[in-house]
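Presented sequentially are two complexes of chain A, the first with chain B as partner and the second with chain C.
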Partner chain A sequence: MKKTLLPPLIPFIGLTLMAEFLVRQGFVRPYLVPAPSAVFRAMIDSRVELLQALLSTSAGSLAGFALSAFTGIAIAVLLSSSRAVQRAFYPYAIFFQTVPLIAVAPLLVIWFGFGIQTVIASAFVASVFPVIANTLSGILSTDPPLRDLFRLYGASPLATLFKLRLPAALPQVFTGLRVSAGLAVIGAIVGEFIAGGGLGSVVDIARTQQRIDKVFAAVLLASVLGLGLFGLINLLSHLTLRRWHASEQAE
Partner chain B sequence: MVRRTFLKAVPAVGLLTACGRSSRIKLALNWKPEPEFGGFYAAPYSKHGLDVQILPGGAGTPTVQMVGAGSVDFGIVSADEIVLARSHGNDVVALFAVFQNNPFGIMAHASRNLTNIGDVLKEGTIALQSGLPFARLLERKFGFSHVKVVPSPGGDITSFLNDEKFAQQCYLTSEPIAARRKGASVKVFAVSEIGYNPYTTVLAVSGESLRKNPDAAKALVAVVREGWRAYLDDPKAANQQMHQLNSTMDAETFAEVAEVQKPFIETEDTRRSGLGTMSRERWETLIGQFKELGDISRTIPAEECFRVL
Partner chain C sequence: MAVQLDAVRRVFDNKHVVIAGMDLRIDPGEFLAVLGPSGCGKSTLLRMIARLAEPDSGRIRTEPNGERFQTAFVFQDAHLLPWRNVLDNTALPLELMGEAKAKRYESARAALEQVGLLEALDRYPGQLSGGMRMRVSLARALVTEPRLLLLDEPFAALDEITRFHLDVQLRELWQRRGMTVIFVTHSVSEAAFLANRAVVLARRGGAIKLDRTLELPAVRNNELRGDPRLGQEMRLLLGAIEE
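Take a look at the complex of A and B:
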């Protein structure tokens, strides 16, 4: 515990103290960067509103992320079935990565309406590609000698997929999920800018009111959410891979 | 030998570029180039020896912070933003108010047969920038318990056109025109109906700049005033320039909006005291409203908020 929590905590405390000092002494103007104490006060003052917003954004990003995880893995499995299928459809998967989300979000609102469904859709669009890319890469890089072994024993393609290729791809799947988790939070918040609700809405409204302390408080909570999701994936990865994969056995 | 020449050249080039940079005046807009900024594009800056660069903005451009921080020399903000900014210690000052009357309104479908702004909030959906003072005044006055509040789509009227019970915040001079062109029959309610009427499209400068170089500000305001006079008399050239920068609005709409916005810009007050004029009473009323809303903790002296040059 000490080894993982203490090292990142030290620079955090240091930076916070420095920021507080800079704002109090007037080196940085408070309407550009709020003093950490002001952000803390905003968190306490608006705790009910921020907590509700956090719950809403969590729901939206988790749902979007779950959708990305399932759909992404499924698509990757489909793409891995043949070279031809891959060549035909992979470019469209890339579309999800490159489309500018802030431009697509208004379209999502027109199609799905104002509400959490659009937030989920936005989180999905933002986070599905890393899952597809990493899962596909994992499935396709199965050790050739192992594939040969399965072929020698007369295993069907489906059996090879579920008993060899997918399990072997798990570390890469988790890499994809780690990246996707953070993106799901970003996608949810972008969706909230346009569709309303959650931390995105708090940021937008506080910004209009020039309450930069509240903006920082909401952004901080969003980062915590992203970190939380990331930690969850790491835990899942550890539990799944600890018995046999080098990445979880180091140290 | 080469190194010595290079070392001598670097500070010289640096000096030259710094010179160029210091005389270029940056003016940041808080939206895309549209008729509401016409006078700024029509202004004859070079004729008066000024090198002005107009920076178009968009949704969320933080002009009031940009001016306060000094990243631009001048910016377009609204009077209510200035009051809020000053209460947070951001020293910005208004110099020229293009819109004498606030052109914010609520746009609803005519088929709903609504008679006043409160009616709009009795059912359906309303798209507002909830953080804006007028939205909060509306909430205080009428309550949002019967209406679904969603974020303002910023000029996009698609959701409005698709849903009869959808109302949205608008600039009286733009969205209604766009909606009518798409065949919708609209009824608009001016926000000033509830007594909220801050100056809008206001040219602002930082207090520090104003103290250091009042003549530069005065010179710019004079040219801007000329530009607005020119734009009001004939908007065609500036409209063309802006249309090239902002193709989301067609040329016909540019012309229509330029015409429709005239009564907001040229009023009895401006005919008496000049375009862009501001009065202390209007500022005091606004500050009072902010105090009532609880957005500012102490009263700000009205005379600190604006300067008529």
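Take a look at the complex of A and C:
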């Protein structure tokens, strides 16, 4: 634990001290970049509001992410069922990814109304593609001799899926989920900009009030949320793969 | 189990003839080695016998016919499921065939005992040596008590000492169980040491250049490796390959 926490902590402390110094000495205007101490103070002063916003954004991100995980894996399984299905539908999955979220968010408000449902939808749109792409690639790269082995013993397509293809794809599924976790938080914040609520609203309102310290405090919390989600997936990945996959066996 | 091939032909990409009309009979209980240079169709032949690929024309029959899952296949590498321990990997074929849990674990234990791996039941493939992994693969093939065992260069990736050891073990297993074995290999010494009969395929079209019953004692152990009779058989096989 000491070994994994200490290395990233050193540059964080260094940069914080340097920012504090630069702002206090007047090298950087505090209305552009606030002193870390001011951000900390804003966090303490607005703790109730920020905590509520964090909880709301967490709920939206987690729900959107969970939806992405289940839907993404299900879509990948369907796409892997045949080359024809893949050729017909995969381009739309890619298209989904290339549509700019910020342009779609107002549409989501029209469809789902103001509130958390739009935030969840936005988090979902932002984060579903990496799950589809990685899961599909994992399923399709199942070891051919193992597929032969399953055929030799008359395994049904369902047995092959659950006993071979999905377990074999797990390392790639987790890679998709890691990318998707960060994107879900971004998607939720974008959704909140338009639909209201959560840290997205705090950032938006604090910006109009010139409360740059509060903007930074909210952004910091959003990053912590993203990191937390990423950490959760890492933990799940470690618990699932540690016995058999090289990526989880180092040191 | 007997295998009968009649005018079997297999073509890749509509132009590359891998096997151009092969006739071959393998009698029940035979240990046949199939030798030949790379790309001569050895593995394709094995896959067709296992029904993992279909011939473009001709016919492959196994006798007695109609018995499902009487064939087992051992691949070039162990190809185990890395997320399953040794016992669950060995029991996999029976699980896929719908066998009850107690029965399949009992059979898996028996198969692992035959390859001398009973002490490694709960280990994962990543914790095993290459030789041990291959023995698990062999146990997985034996767990269904197959009457036809197909092996596609199974020991090629192993070091020589491990290979010698596994050769002796495989031969003993065959003698004990009386199944038909078809063993595809690059190695002339391995073919001569293991088999009762060897078939050498030509580089193109899978034509049979030599079909020979090996004149060697039934019991094969490491002492045989220095025996001039083995050397003589190896020379004959090598001569046919290089012809």
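Methods note: the second predicted complex is superposed on the first by the 251 of 251 C-alpha atoms of A that agree within 3 Å, B and C clash if a C-alpha of one lies under 4 Å from a C-alpha of the other, contacts with A are read in each partner's own complex, and residues count from 1 in each chain.
Everything below uses one rule, namely that contacts are C-beta pairs under 8 Å (C-beta built on N, C-alpha and C of every residue); 3 or more make two chains touch, one makes a residue touch a chain.
Source: prediction; values computed, not measured.
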Counting only touches as set out at the top, which of chain B and chain C does A:Pro91 meet: first, second, both, neither? neither
One more residue to check, A:Pro100. First (chain B), second (chain C), both or neither? neither
With both complexes superposed on chain A, which partner does A:Phe150 reach: first (chain B), second (chain C), both or neither? second
Which partner does A:Pro7 contact after superposing on A: first (chain B), second (chain C), both, neither? neither
Partner chain in contact with A:Arg29 - chain B first, chain C second, else both or neither: first
Once bound in the complex, which stretches of chain A touch chain B? 29-32, 106, 109-110, 114, 193-196, 201, 204-210
Residue numbers of chain B touching chain A in their complex, please. 60, 62, 64-65, 68-69, 81, 84-85, 88-90, 125, 129-132, 148-151, 153, 156, 158-159, 162, 295
Please give the residue numbers of chain A that touch chain C in the complex, ascending. 143, 145-146, 148-155, 159, 163-164, 167-168, 170, 243-246, 249
Residue positions on chain C within touch of chain A in the complex are 47, 50-52, 68-69, 71-73, 75-77, 79, 81-83, 92-93, 95-97, 124-126, 144
